[in-house]
């Protein structure tokens, strides 16, 4: 082994030498370095966009100006307050209380009490069926009224960004949140759904055997995605969990490259145009979804509601329980007779077909699709949305996704939309460290994570934690 | 057996790190807020609307109308869009400054990132603004194809300075609001073929396209025209944004072709040029207006030398008619006008001209569309007239060649070949 | 493809394979000690390329450098990119992975954190240096050095292969002959036991990242000399190199070298055989097929046993 | 093979002619290490068979081989159901082994901690149900009926093991002894013919130990389930087991009635000779004073490694 352990008995003197620290080795200076580094990074992050002519442009503006000095001074000040403020405060003004607690406690304590009470009350209320139904009715009513309060632009956002991504997130939540599998190729199924729509409505260069109404494409797309999901999942789900991530990523790229390169079938990078809209033509009913986004909004909340009801049933059924079991302890689950591969595959396929449904909706709303609508980036985006909302918690996922899909549109006049992925990346890291359970966590998930932290269990379907358990 | 404690002195650092991050987090939060407030300095001002136009304030009770502009202003190949944006913006600012307009003119840009997908929502942004009476753009053929059905439905006229794919004006598409402000690729492809077969008298040409609407269209015309002229043609497609042009360069070298044509944009043209040079291909190399930009030369370096670049656009810096424009442009944007700047300036003036002809009447989108279709306007670069299907009336192609790191203007192909 | 063209594709393939092998080693090393796919390794590669771009733009070489200046410039590029890559990998481990290890986070959390880090770095670079592709300044004229049966071998190809081989030999020595190397192997075999035996796991993991990052950074610079730079440049080579690591058996260093070489050559030949458009499908197809049907790779897994 | 039944009332219970599980020549190797070598074992229908042996003797490896978690390289493992049909368990997937009627508990309890006691048992009770995801999502009557059925079955079993009051408690929040009982209830919910208990008494206090003894007997008698038991607590083994098999170094060294085995010189040598005197004294101590023996503590760790 590398380090000698037993063959020398440390004397008291050597031990003392080892223990003694130079002044600069005090952890507080480490914290100073960390804080300043974070400040410099933030300065760079918030600087101007780079320029095509000058590589140094952005760095010059952010690091070569007074800005960075302000940032560093701010960081040092913050560090000083955190390091010295607390002891000073404790010494002179009151022991064992943070400097701000004196001001916050009178506010937070009653609030905490009230929220606890309210929580208990709502928990009681939630058991009453009528209250639940009434609450859902109110929410759906508000959602129906929502487009009337917004401009056309925001209605477009509501449909193109919020609704479509919420559909996707609901599906991915089954895979990531419930079955504990990381699927990085989720948008590939979205693409399959979209291209199915293009094909079956006769918009592709290759004509289908018969044309279908966009509504009828939904079951066809679901079946196609289900099949694709099974074909991809069956061999790979037997492997370790992180391999699934990479295989799905590879699968996504293959689908993307096929869409891009199979010109004869998909029209290549030029994309497919003139995909037909949703429409109902049965007897006296003759209705088409056209340019106006609002009818699409109604259609999509309809689809989402059906899916939510179905998935909630699933979560509280034997299937949902089996997923939880697999996530927590695959070995015990399988010894208890749970066919783990079958249930993982089921989750994977259910997720895939939901993605397919979203693809149909997207294609027939946009009426134009090209490979660029299905970048790997979007797969990662959905993963980020699901995690932000709280994987495993359906409501968390929906609200988190809606928020994150809306935010960049809202912020786009202040923050360059191109920077979105930078912030999302940082958000993912921070979430994983501080709040892995997400914004509105699922109860089960939260428990699992705290148990994993204590070294008692696992919280995904990927066996041991990386690097072994730390003790 | 347990490890002695001091082997875990690293653990002290572990605690430290956690604390560091705990401190860093509030800063991160603050930064998010700050960056939300603070990022609209510098370059962004240029992007947001026409509020910078000098003559804008004295509007009084004049109505305000907006000219929309759609192109790729960020992302890959954005330079062409920016060239056009500047040209059009200059026209709007000058018109406002003159002060003789019966209305206040605004300029609203919408960035489609040169992407088909983004194009639909970029167009929607302009359609949803009822003040927009006409749109200049979209710049590229792909985005034009994606957005045109919606423009047609909204009856909002779009005049593109540079979407040159021939199929856009195909009546089957029903792009009824699309007008092309430049000769299409038939002219460019034909020009290349003519120059190669007549002037350079090559026997075999390798044509590569980038699989975009523009590239495929241009290469198809070039191939047809070359075949017609009795030249042997070999072709291949390399999708846009391919990192490595090594293998295709080797293939071209090994094919024994005398010359090659690349139908694509400068972002890919540049690395292609480099790899062609490395592979040792020395024949004449051609590309179209998508590559005709200074960025091509600056990215490709030495390898860009001797490339022939065609364009339906004349060089504003050289032609006498555009002298005044070039000076104004330089003053306003601190850089020389480049490909399509002058054309875009002309088209903006064409649109303003038609708007003026409404006089005191309320300007409607439909009215604008009809007027534009029937317009005939003599701009700095050429005379703008449209055929029934929105096609540009006329076909002149100019040719340039890269020499010593500069795109040198050679002139009208027809004149160079000698009729 | 004509038989006499084989070398025209084989030689670039070997060059590409050497690069992939070097990147693949970064994946394999980290996988060995952490059992984690370091998704952000492709960004380490990108950072290496951009740091060299910054340094070389700052030096601003003349258009026709003399031979000596060329050598110095290349050396500077190698040094800067290697250092930057190592520093990035080090920071990455500290910020994105170590806090999670302290918290006993599930593996899923590591993967997500890795993806977050990857997108953060990628788009930060996109923001800072612009989202267009760029080219490194010309450091030397890429002349041919000699030819093999009529196919020329260029300076760049020679440089890349030599640098890669040197790094791989050095790494092999490091892992098999040094104290740090035996630490790495011990942690790879069984982190818990290694910890009990007195190996400072944190230090070993940190240094493993540094080694992988150093090699990845240099690979980025060499790749930048070969092709153009862009903020997404890490993705394709990254995933291909990962596929290479898997083909050779994740955690197996010699496997990664072999897998990289294999995939480089496959990719180079798929161009003339399947057409340029399908070139990148081949890498993904190999990846998916290998993972589906031989998940332990050709040489088998485990850093500890076969390295 | 001779059977000595010590108690009069259970004579009709065991049918020596009907072997519910027959193990022959099972050999399991990990790389170069031999985990089990030529192990033979018979479990008669209705009996309680204890497997004892020093730590590392291969007891848990044997259990893992019987339940499909390990695949032994050689040998046969046959399960006979009541109608006389024979099924080979060798190499079968764990959940399929379970479906054939072999349930187990784990040395280190492995419950689904974030689920309630009721849900833990329901998961097991539901594994034989047929309703698919579609009928569940549509809320079809058969899915609802099955859900009610599994509720009923789970309640019944929780009552059987004496956890009625704790239905909605989280499994992780239960006491150690309760968790043991819950794990047994979960195993029983899969309707097994054979129940494999891996050190159920480890870490329990004397009262819990007595309860456990009663519970094992009740499972055996009331439910008619054959029990295979790994246990270090000799007092429990002696009082509950019909027969005892002793493993050492992966080999069966003795088999017979508890009294016979206790006298077997080879067994004594195995325990003492393998420097496991502490174990033996621990066991005798337990026999005398009922103090939880120290031997079970390291034993737990050896199980951990085999996960």
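For clarity, chains are labelled A, B, C and D in written order, and residue numbers in each chain start from 1.
Note that in this section a contact is a pair of C-beta atoms (placed from the backbone, for glycine too) under 8 Å apart; a residue touches a chain by one contact, two chains touch by 3 or more.
Protein names from UniProt, one per chain: A, C = Branched-chain amino acid ABC transporter permease; B = Branched chain amino acid ABC transporter substrate-binding protein; D = ABC transporter ATP-binding protein.
Treat the numbers as computed from the prediction; the structure is a model and nothing was measured.
In how few steps can one go from chain B to chain D if every step must land on a touching chain?
Contact-graph shortest path, chain B to chain D, evaluates to 2.
Touching both chain A and chain C: give me those chains, sorted by label.
For chain A paired with chain C, the chains in contact with each are B, in label order.
Sort the other chains by how far their Cα centres are from that of chain D and give me the top one.
Using the mean of the C-alpha atoms as each chain's centre, the farthest one from chain D is B.
Centre to centre, by mean C-alpha position, how many angstrom separate chain A and chain D?
Between these chains, centre-to-centre, one finds 42 Å.
So what's the Cα centroid distance for chain A and chain B, whole Å?
From the centre of chain A to the centre of chain B is 35 Å.
Chain C to chain D: how many Å between their CA centres?
Computed from C-alpha means, the inter-chain centre distance equals 50 Å.
Going by the touch rule set out above, which residues of chain B reach two or more other chains?
1, 3-4, 7, 13, 17, 21, 74-75, 78, 211, 237, 239, 295
For chain A, write out the residues touching at least two other chains, lowest number first.
Expected reply: 3, 5, 45, 49, 51-52, 260-261, 416, 418, 426, 433.
Where in chain D do residues touch two or more other chains at once?
Residues of chain D never touch two or more of the other chains.
What is the complete set of touching chain pairs?
A-B, A-C, A-D, B-C
Give the list of chain B residues in touch with chain A in this complex.
Its residues touching chain A are 1, 3-4, 6-7, 9, 12-13, 15-17, 19-21, 23-28, 31-32, 34-44, 48, 74-75, 78-79, 115-117, 120-121, 124-125, 128, 142, 145-146, 149-150, 153, 211-213, 216, 237, 239-240, 295.
What residues on chain D touch chain A, complex-wise?
67, 69, 93-96, 98-99, 103-104, 106, 110-115, 119, 122-124, 126-129, 131, 133, 136-139, 143, 146-147, 150, 170, 172, 186-187, 190, 307
What does chain B use to touch chain C in their complex?
Residue positions touching the partner: 1-4, 7, 10, 13-14, 17-18, 21, 74-76, 78, 211, 236-239, 242-244, 246-248, 250-251, 254, 267, 270-271, 274, 278, 280, 295, 299-302.
What part of chain A is in contact with chain C in the complex they form?
Chain A reaches chain C through residues 1-5, 44-45, 47, 49-52, 55-56, 58-59, 176, 180, 182, 184, 235-236, 239-243, 245-247, 249-251, 253-254, 257-258, 260-261, 376, 380, 383-384, 387, 416, 418-422, 424-429, 431-433, 436, 449, 452-455, 458-460, 462-471.
Using the touch definition from the top, list the residues of chain C that touch chain B in their complex.
Going through chain C, the ones touching chain B are 2, 5, 8-9, 12, 63, 94-95, 98-99, 102, 131-135, 138, 142, 152, 154, 195-198, 200, 202-203, 226-228, 233, 236, 268, 271-272, 275-277, 279.
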